[in-house]
Each structure stands twice: as C-alpha cells, then as structure tokens.
C-alpha cells in the first residue's frame, strides 16, 4: 500500500501535479503569477508550508477524532502559514507587500489540505514530508512557468525585480527578451492567467497523449490479463 | 511572554467552545449507512457476474463508494460508466476489461446433451434455469442476464452463450456521423 | 444604503471575487460541470460565506482587536470557518441526504475555498467596515461567486457536447472559458470609481 | 353548407407538392402477382399466428392468421391459391430485415370465400359492427397502422364527440387518398355513416387540404343530406398529422402522452373508412389498398388498387420502372417515408405510396455541416420543440436533457431537417436517441428485476444453509438416539420410515412457526395502531423479521423439495450409460485440450487411455440402444409428452415465486418509506397469500 | 444517548483546545521573535519609499516620526492623511504631502509629493491608481519616466498657464491616447504646490512645536 | 442493385449555410461603402487583412485538428468573422494588431471550442476585446473623417511609423465620456465632427448598417427579436437616465442609437445565432440584456463603447437563458423551465 518514493516524485511533478491535474490551489496559481518573482516567492512559501503541514499532520494522524479532524488540520496549516507570513514580513518585506492577501491565503490553498487528507493522514512522516516536497515543487514549477510566460508575453522581459526575493545580488538578473516590445497586456491582466494555465494544461495533455500513442505503437502485445472472475453465488457443493 | 499567554488562552477558549459544538453535532447529526452505495448499486446492471472482481454488483457498488474505479463492469459498458461518472461527478474512463464490451447474450442449454446435474442451477445468480435433478434443464430467456456463470460449471459443456437476436422492433437507426466528419464518398462528392 | 449598494455591485460585478480577484477558483473549476451541482455549491458557499463573515467580524472586533492579537487573524478565522463548515456538513448530511450527495465532497472544500477566508481577511483589513457592511460584503461575495459559477456551469454543459480538440477537453477548455469570462467581466471595470 | 372555423397550425413547411405526377389518371388495377407475400404483422401491435400450414389451399378473403391479443389485426388471403411457405420473408422496413410471412402461390382464379355482406348496417348493434370490423382485419391505412377496432371501441370514461376523417394527405407526391376521395366518395360517405352509427359523435369533420379541389368537390357532392362538415384546410405540411389536424380543426392540443380520445376526438384516414365500408356493406376483409406509384423513375406514375402481399417490384414494373434511373426507393412520401432496399418486399396494409425517385429529383443529402443554431428548425417544428437543442443533446447522449426537452413529443415529421441549412439529418438523431433511451429503460427494468431475483436467491441460499446446519445437528442427535434405541428396535426399515416422516415433520413445524409468527406480528401491529410507541415499533420489527424468516424457511424447504416428476419408464441403464458416455467424452475433450498446451508423454498415454474408455462407453451405449430401440423411442415419446405439462407446472411455480419476491420487495419498500400500518398490513397479507399459493404449488 | 453526547462534547473540545494551545503557542512565539525585525523592516520600507522623492541627505530628522495629519479638500483628502515634515538641524527642509486626484480616468489617483522648503518639487510618485493598463498607467515610474518631469518644478516654474498638459496648451506632455490621466496628475500637483504656498507656515509651525515639546 | 438507406425527410429545402453567410456579408456592403467614404481605403485595408488572417488561422487549425479544410473554409463563416472584426477595429489598424485580433477570434474564439457552431462567445467581439485591452493606444487612434493621408496611413499600418499630428481624433463617444466641463451644446459647437446628434461619420455609418440589417431581416435570416430587443432597451435606458445636456450628460437616446457600434451590433453581431440564446424568447432577452449593458458601460463604465463587452457578457448568460426560455411543447400544459433536468 505504501507508495514508493519514486511514485511520489512522479505524482507530484507530473502525473498528479496539483496545478495541472488536480486543479487545486488555483487562486494563488492565477492570482500571483503575473511575474516570475511573485510566482517563485509564493511557490516557495507554499512548498514550505506544504512540507511542514504534511509532516505535522502525519505526526498527529492517529490522535484526532473525526469530528474535529478538519478544524485541527486547518489550524495546523494556518499556524504554519502565519509563521511563514511573519518570517516573510521580517525578511522579504516588499515581496510580502506585493503578494498581499495571498500569503495568509496559503492556509486555504486546497493543495495543502488536500494532501493532508489524501496523503499525510494515511502515511508515515518521511513519506508525507517527501510528498509535501514533491507536491510543493510541482506546484512551484507550474507557478513559475505561468509567471514567466505571463511576464514574457506581457512585458517582453524576464526575471524583473528578482532582488525582492534574493536580495541585492539579483538586482541585474532582469533579461530583456524582446527589444522594443509593445507589451501584450492581456497576459498580465486577469484573463491572461486563465488562458495561460489553460494552454499549459492542454500542453500537458498533449504530451501525455503523444507518449501514450507512441508507447502504444512500440509496446509489444502484452499477454492477456487473467480473468479476475469471482464466484458470485455462495453455496455450491 | 504574557502575549503568548493571552494568545493561547483566547484561542483555547474559542476552541473549547467550537469543539463542544462539533462534538455535540457529531453525535446529534450522525448518519448511518452509506446512501451513495445504494445509488451506485441502482446504476449497476445487476448481472451479478463478478467480472468486476467483486462477488456481485452490491459489493462493487460499496467498493466504488469507497474509492474504487468506476470502469470495471463489462456488462454495464460505457453507458454505466457514464451514469456513474455523472452520479459521482468524476471523469468517465474507458472500460477496463479484457474483452471489452460484449453484446447482450443469453444462455442456451442444448437439451439433448444436458444430463440434469443441476450444477448450472446452482451457479445462476438469478434463478434463470429451470429443472430438477436428473432432468433436462432450460433457461428462462426473459430472466437470463447473460452473465455466463452457468457455462463453466457444466460438466458436459452443453450451455452456449448466444447473442440476443435483434427483432424488427428492436432495430434502431444508428447515430449519424457527427457534423463535419466526412466519409469517403462525401469527399468524392465534394470534389 | 447607497454604500451597501456599492458594496454589492462591486463584489458581484466590478471586482468579482472569482474572475477579478482570483478567489475561490478550485470549486469554481471543480464543481461547474453540471448546473444542478453548481447551484448546490452556490447555495452552500453563500450561506457559509455570510455566516463566516459575521462570525469572523465578531471575533476580530471582540477578541483580536481588544487583546491586540491581530497576528492570530488567519488562525482564528480559519478556525471559525472550519467549524461553521463542519457543522453545516453534519447538519446537511443528516437532514438532506440528497443535498449531501450533491455537496458531500465539496462541503469540506468550502473550508479551503479561499473566498471564505479571503473575504474575512479583506473585511478585517477594511477596518472602517461596520458589522452590516462586513456581512453584506460576505453575502455579496457569495452572490458574485454563485452568479459566475452558475453561468459558467451552464456554459460548460454546452461545451461538454462540443467537438473540442482532444488535449483541450475537460479542464483546459474550462480554464480558457473562464479566461474569456474574465475578459468579458473586464467590461465592468471603471464602473465604480473609488 | 355549414362553415367550420379553423385555426392556424404552428410551424410547418411547404415543400413542392409534385402531386400532379400521379393524380392525372383514374385508379388502375394491378395485375395479380404469381406469389403473394403476406406478412403476419402489418399493423402496430401484436403479431398474428398463422392458421394455415404449408400446402393448404386458401380462398380469397379467407382468414389465414389471427391473434388472440386485443391490439392486433387479422390477416386474410388476398387471393386464392396454395400456401407454399411460412417463414421469414422480405418485409417493407428500412432495416431490410425479414419477417415471418405466409407465401401464397396464386392460382389466378381469384376465388372468393363466402362473404357475409350486411346491407343494412343500421340494424346492427355497435358491438356487432365492431366485431365485423375486427374480423375484417382493418388497421389504419393513413399512418401507423393501428388496429381500427381498438380505436373505435368505446372506453368506459370517454365518448367521442368529434369524428375527424383525415383526407388531408399533406405529404408531397402521394395522391392515394386524393383519387380515393374522387372515385369512392359514396363508399366513403357510407363508411362514415357506419362510424357515426358506432360512435354517435356530435360532429363529423372531413378535412381535405385545399390543394385537392376535385376531391373536395366529389366529397361535397356525395355529402347529400348529411350534416357532416367538409373542411378545406390550408396546404401545409404536416397538417395531416393527427395531432396537428386536431389543432387546426379544434384549436385544442392533444395532451402529451395521451390519445385524442382524451379530448373526445377520433381521427380516421379516408382509406380506413372505405375499408370499413367494404367490410360491413360488402363483407370483404381488408386485402387490398390503393397505393400511389410515383417518382420520375417511373414512366407512368399512377395509383393502383393492389392486393396486400404484391411484391413491390411487380407493381413498379407495372408502372414502367426504369431501374437505371432510380436512385432511391421510398415507401411513403418524401417527408416521412422510409427507404426500401429490397424490391422483393411486399405491399402491406400501410403502404400508401412507392416513390421511385431519380437522383435529380431527390439528390443525395449533402454532408452535414455543424448546426449554427439559426433557429429555422424551431420555427417550423409543429410540436414547438427546439430541434437544434435536441440535436446537440443527442450528439452528446445527454438523455436527461433530451427528456427535459420533450424528445418524445417529436412526431418525426422531418420539417426541421427539411429547412436546416446545414443539412443535418435531425430526424435520424431523434430516432437513434429515442431508441437508445427506450433500450436503456428496458435494461433498467431488467436489472431491477434481476436484482430482486438475486437478492431473493441470496436470502434463500442463506436460509437453506441454516436449515442444513440445523438438520445436520438434528441428524447427529438422532443418530445418537437411534443408536441407543437400536437395542430395542431392530428393523432398519422402520428407521428409514421415521426419517421420512421427520422431513415431513420439519415442514409442518416450520408452517406452524410461520403462522404463529404471523399471528404475533398481526397482533402487535394492531396494538401499534392504538399505542404508537418506539418500543412497540422495534418489537414489531423484530416480529416481522422472525415471521419473514419463518416464512422464508418454509418457502425454501418447499422449493428444495423435488417437484414431483412424472415417473418415466426410461431405461435406467440406458440413461446411465448415456451419462457415462458423455462424461467420458468430456473428460477426453478436457484432457485433449490440456494436451494441446502441455504435451507430455504422460498426458499422452493418459489421453490414449481416456480415448479408449470413451470408445468403450460409446460402444456399450450403442449396443444398449440397439438392443432396446423401442424402449428408447418410448422414452422419447413420453418425455415429449411430459415436457409441456412439466413446464406448465414449472411456469406456474415460477410465477408464484416471482409473485412472492415482488410482494416481498413491495413490502420492504413500503416499510422503508414508512408507510402507514394499514397498508403495511395489507401488503403483508398479500404476501402471505402469495406464499401460500406458492406452497400449494409446491 | 445523553452521556454519549457529553462524552463526545468533552472529548472533542479538549482535543481541539489542545491543538489550539500548541499551534497558537508556536505562532505567538514566532511573532514575539520576529516582532522587532518586522517593525524595522516596515520603517525601512517606508523610508525607502519617501527617500525616492526626498533624498536621505536632504534632512536629518526622524522623518517617520515627524508626521502630522491633514484633511484638506484642496488635496483631495477624505480622511486624515499623514504628511511628513523634514528638517535640517531643526530648520524646515521639506514636506511630503499625499494628494488624491479624484478625476483620473477610472478613479482616484493617489500621489506622494515632495516639496522643498523653497517651494520646488523634489519629486512626485504615484502610490495608488486604477488607470487603464497600457494607457494611463504610464504615470508609474516602472512604466515611464514621465513622472520625473515634475522634478525641480515650482509654482512659478512654469507659469500658471504652463501647469497643464500640452493639449491644453500647457508645458507637460500627455501620453498618446491618454490625456485625462496626466491632466489629473498635473492638476493635483499644481494644487499641492498652491496649498504649500499658502500654508507652509502652518506646516512648519508643527516642526517648532515638536521641537519645543522635545 | 443496392439502394441507399437514408432517413426521412428525403426532400430538402434550398437554404444553405453558405448562402446565409454570403447574405450577411452582402448586407454589410452599404456600411462598408459609407465607411470608405469617410475613411478612405482604411476600412477596406482592415477587411482584407482581417479576412486573410482569419482564413489563414482557420485553415491552419483545421489542418492541425485533422479536419477537412476546404469543406469548412467554404462555409464562409470565417469570412463573416473577419469582416465584422475588421469593421469594429479602427480604420488603418496596424497589421500586427489585426493579426492578433483575428488570431484570437478564430483560434480561441472558435476553433478551440470545436469550430463552427460550437463557440460560446462571439469570435469577432472576442478578438476585438482582446486587442482593446491589450493595445489601448492603437485602439484609441480613430482617424478623423476625411483627413486621411493614404500614404501615411499605409506606412503606419505596415511599418509602424508614427501617425502625423491631427490624424487621430477622439470619437464622439470618447469625447462625451471624457468631457468634464462643457455642456452638450458647447461640446457639439466645439467640433464639426459631432454632426447632428451622434457624430458626423457615426450617424451615416449607423444608418447604413441599419439599412443592411433591414435587408437581412426581410430575407428572414434572423427574427426581429434580438435586434429590436437591443435597440429598444438602449432607447429606454437612455431615455430614463437622460440627465439633460449639462456637462455630466450621458447623451440623448438618439445619440446612443446612432453612435458607436450600435447598429452594427444590433443587426450583425447580436444576431449571431451561434453564440446567442436559442429560443425566440431567449433571443429577445439576449437582445434586451445587450442593450442594457451597452448603456451601463457607456454611461458609467470605463470604456467609451460597450457593445463588444455587452455581447460577450450576454454570451456568457446565453446558456442560462436557454434554461429558462424553453418553449411550451405541443400538448404540454406548461413549459419545462429552470435548471432541473429530472422530472
């Protein structure tokens, strides 16, 4: 029953990616993905909360009753979020200001509670933390992909304002990709977020489909599965 | 430190109240049974053939209710999967079966060969076979679900599964091609 | 009165919580395949939103503010919400199994519906809001959510039988449709000059 | 002459009429075909059974097939000759499937069987007339072919106030009714008189489209003193549809899923009315009809009076068929007719037209484009549906939406598809979707039924197991007892006898227990009626369960008891040998199969051995059969004789079993629905009765 | 039934309280340990913002503490709005006003305006606006340098007539396709200068009182 | 001999989708002529570019989707989309702007939803709105009537050279929206381009589209419900909220009927059958909704004209409207309405 670490990795990054497949955590995914730095900042914060919350939930999974399970889980998540929020406030103040309400809203990021319920509540601490890491990573990757796409389409540049996250060494990371670019505003406006994510999901589907077809055509004909027939009616003497 | 103390006290009080409310509700509004399994069961074809890997439709329904895939019932086919997907609000998946969807079948006992061993009667989940020991058996066609569970136990292999014959009344128009899909002759005609 | 009207128009149309402020998107995408279920979720969310706005306003005004515990906002609000939701769930489960079947899996998700916590937090940020205004804002957010959810669900039912290219079927085309909805809602921008 | 006010039709289209093609000459008589193919089912309803067998000589008009079922219509020999075949034959249906028919090789003499004309129908009672109509095998000639006598038979709660005679003939091309009205107006009037005599309606309306002035004139002049209204209705398709015509003539709508009789209206086609006339006044059954032969692939389009059963090809050739030009052969009109792909299919009672169209006349449908929701279809739909939505939902197999959009109110008139700029075969979508929905509904019913049977069986098996367990214990006890008793009682036969009686005792005991439980239950229930307390309720529940269990045990034991089989003088030895032989055969086959996969020495020898065994067994069997051929034959005969009896008994038993199961389910359902005690008790008694009768059968 | 309820009530509330206690304690401790750093960060951020329009070397007082609250209709204020007074060695050096231009294209534009004691503008920044992206939003420094065209201007430089966009025969550029927004900003800055011109005595008087109180 | 099995009806009316689309394009001719009279070859340039790009994108996507390309291109719907998009864009729009607009219209507006007949949003309006919010600078550069320097125009369209001064001019709706201190009378007096009631060029363009629309109505291409609903609603709204001719005026009813994209919208866009509601009653509601929203956006919203947004917003509502406007079927007491599908 225990999923292997390899499965957890594949699930988090691709097969069951929270952003592209589970379609959870969409609010920050869309709300904070108008630039790479915002996306990365929120992604990291979310991943941190995810890892810690998975670990914590896994730790207490046998101690809670059904009636208060949900409140306890969200309380743990909220506490972790608040800690992260306070830390961000202390160390990356401006980014915190930009991300605004989406930081406390990590609490309600559906991915986190979803993982707590679906995985951490049933698995060991090590697996749960690793699942948190992989899910967080998968989420962050999608977030950054959307952020970078939108930033690029919208402004023709990449990695603007990275110093907000990485400090002054990142002052000059900005890359101007298209010189003299008109700026496709749609991309950084709300509709653009939906459109880019939609296209990204379609891209993933297309890749999956392509591979499925590819593999189907190369794979040998497998031996027919054994019938899993079960006797239905009891007494036969 | 007093801040920590105040904070903890305030929230503890709050949670005591809430916990009490929930504890009360948990008992007061408890429900027994699993209504969803019943609804799932109602959608399954009740062939009781066990091809889903469960001993009958009801157990499979219960399994679905607790997370089993919905695509394991070959007699139900796509229609059932669709209905289940609708009910459970999940994406329908293609049928997971070795042979895929089969046409509706009915059992037929070659009476001359039947030795009256009653093994098929014991196997039939819906009592669709008539007969007594040492006498010839027959299938009540209208009751037979086509599950073919009777075929295997027959010691003299006298049971055939034959497709249900179509009649003039049961004949139906096929669905037209979706608009915009051209068949070869159309392409010709268009040139 | 006109103040409340403005709050309503703003939350429902101009700054729609879903399409413009990006809150509550998971249920928006997840529970919009059928109108009937969408309506169920709308009702539940509106109910929870209003109740949670009221409760969190009280917590904010009478517990957090007096004791200077505003850093506990998130944690206490989410606690309030979780309890409201859990309670609603149990009641619905008992009293209306049909509704529960429709909402069953989504009632817990309302807890993690950002719109609920989001509205509570935004209400708290707007320190000038009165009790009535805060509740109306919560209610209006629920109506705005319901409006777009139901419209979207009806639209998705239409799209479900369309000949959408394979990779786009399902979530992808849903997301694109939501994007186009959001585009259409940009027509309301500037309607309220604050 | 009185004027009858008319109302507008909703929707409708006006395709080119093309009627002049065939209505220019009087009705011809088709030549007698050498072979007539008379299908057993030419109407809507139950099929008939042949009353003649191959080789029989039949006379024209002789009853050759009939059914006991009410909704059915008798079939008569269209001409005299010999029955040469009974079985599957071509049938005029789109699918091209065969249907059972009686084939008559005509003798060319056209000898009538004795007829019983009834010149003065006014002296006959309605019942007598209806019986004559029934015997004449008349089913509607205008549309679906519904047995006319059923439509004419008065229902207890309805009386027909308005009789509508449908002579609209709104389909393009078809002129059968048109020429019929021109040439047989007098017969039509007499036919109407007969219907009036049967039904006593207040109004009689004869509806004719205003594009048939000659027919209107003929009918009007045949009217004489009768106070029937001859109504010229505007030419628009589908004004002839029953429901649409009713809307035009009365402004009322027939409620969905109900019949016009609900409004006190009856609608009959003119051809049907003439057939009624022929049946009553001349005593002739319905064996011929007027059919339009038309289309540009025919040299001389015309109307013919032709015998039912005449192959299509012969008729078409009579009208000068140019096969090379014909691209489509349609039975019926261009709007609702269906294509035929076998020219050997016969004319049946409902065949009003054969349209042999050229490719220019009715070109192949262009490939369908996507629907652009232009709404033209909705505009013309006479049922006020949304054809485009139905189409989309049919595409997506969305059955709930289809039903919400009233798919089943679509009359398949084809007006929508006619106007659709995207050339979508809308009607085909609806037909396919309707068939799917019906099929699923049937499946649903079947699975519900299967579930009940399965649950019943499970319960039975469980009880049986319990009983066996109990028996095993009892047997063990008894064994001990008998051992102790052995000293006193020596005879073995006695012990056997005792055992037999215990089995009987068992049943008795169970019966008593069951009725005790029942009584207790009933008492408690009565008490419940007066003092409705929690406690009592649960108590009753308990009682009910025990009663049920007792009953079930009883039923199970009864079912398990072998049905008394008629003793057969079968040669036991022979039977045994037979079984041995087949067993050997089977083992051999199995072993062979195994051999095919795992070919080892050992197996091979084993198989060889088995083969020899089988051979031996077979020989023995052969020898035995040869020795006692008469015995076998006798056995065979008795078996045959016994079978129907046996199965009848079994059938009854099965029915009773099902009844019990159904009743039980009903009771359970009612209990779940918390029905009141009274109805529960009623159900309970019903159940007991059913069970008793089951027990009796056993 | 009842005892079960009370057992459930007690058990669940205690459980919830226990978790509440633990989690809140963790949060509270984190809060305690980050509190001071957050406060410094907050101030630093504000100073950085103010520093953009008023270079740090041009004053020596604690700017964030030297604040008064104004509610002036001329500046478009609707609530008490902070105004920062800068000084060098106790002498008036500059003020930083916040002004709201209500007549933007799609709403109010909030500006931070730095004015030196001599009436010249040290800088203007937009802190909040809802103008159309791509059109009106070029008043942001991130999008265009236009906002810097105010640097060094004063009430009489340019003339009264010049305090308008070029389209209205003024001195300030408008954007292609957008006149309303720059017009609103120019007018708001002009009004701020007028306000400063009339009231600088009162503004700096405050400086005296704080000095005195110190 | 094998005879085909074909469903009834076997007869077929003469109307074809191609014909419908051709008629729509034909009806736009008067409008195009009047536009060209005012703005030179600009509108024609727009149409050529938009139709070519639209065809190109459609063909490409059809090929990618492995659908019959020629078959679908021949239906003409993509040309209608291109044409209507071109008419909505400012004359002499840069080529890349037209490319983006038609690309969005055809790809996102139409093909990704399954192509002809299945798009929930009006493709042309979608393309228009996308470029409106993405490239507001270019989209607000309407040339002034008659003052066209064709050479400069071409340079701008194809090479992105700056426009000469005085080339572009705020449209009348723009001016009314941004006006803050002139009374209506002063506004009208200040500029000859304001024409009689709704702008000099605007009035004539709207009247010519009205003419084309009436032609289509006569040809029974659509029922009157949607256009009349929209115009009536706009008229009533502008009458009810008519607040005189002061500087905060929202404009007179006549002004609203004859300015901006009113008539183009009412007869060519609101009538798009695909993305509108289904039943006749639904189309009336659809039209009324568009009219109300157009007025709300014009009078109080951020955009000078609201036709495109109003249509997209009502497209959004169309499936829901359908739920509530099913007609009463023959033989039924009441119509089945509302979201419930079950009995």
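A few comments on the model shown:
By letter and in written order, the chains are A, B, C, D, E and F; residue numbering begins at 1 in each of them.
Here is the rule we go by: contacts are C-beta pairs under 8 Å (C-beta built on N, C-alpha and C of every residue); 3 or more make two chains touch, one makes a residue touch a chain.
Everything numeric here is computed off the predicted structure, so don't read it as measured data.
Farthest from chain A, judged by the mean position of CA atoms in each chain, is D. Each of B-E and E-F has its own count of C-beta contacts, and the greater count is at B-E. Farthest chain from chain B, judged by C-alpha centroids: E.
One simple way to say how far apart two chains are is to compare their mean CA positions; for chain A and chain B this gives 35 Å. Chain C and chain F have Cα centroids separated by 33 Å.
Rounded to a whole number, the gap between the C-alpha centres of chain A and chain F is 40 angstrom. Here the CA centre of chain B is 50 Å from the CA centre of chain F.
Within chain A, residues 65, 67-68, 71, 75, 78-79, 82, 86, 183, 185-186, 189, 195, 233, 235 each touch two or more of the remaining chains. Residue positions of chain B touching 2 or more other chains: 3, 7, 11, 14-15, 18-19, 22-23, 25-26, 28, 48, 56, 125, 173, 176, 178-180, 182, 190.
Shown for chain C are the residues that touch two or more other chains, namely 71-72, 75, 79, 83, 86, 158, 163, 168, 170, 173, 176, 180, 183, 186, 189-190.
Touching chain C in their complex are the following residues of chain E: 20, 23-24, 27-28, 31, 102, 105-108, 130. Looking at the complex, you find that chain F touches chain D at residues 1-13, 15-17, 19-20, 71, 75, 77, 114-118, 221-223, 273-274, 276, 278-280, 283, 322, 326-333, 336, 340-342. Contacts from chain F toward chain C in the complex involve residues 65, 108-109, 111-115, 118, 120-121, 126, 129-130, 133, 293, 296-297, 300-303, 306, 308-310, 312-313, 315-320, 322-323, 339-341.
Across the interface of their complex, chain E is touched by residues 60, 63-65, 67-68, 71-72, 75-76, 78-79, 82-83, 86-87, 89-91, 93-94, 97, 183, 185, 188-189 of chain A.
Residues of chain F touching chain E in their complex: 133-137, 140-141, 178, 180, 302.
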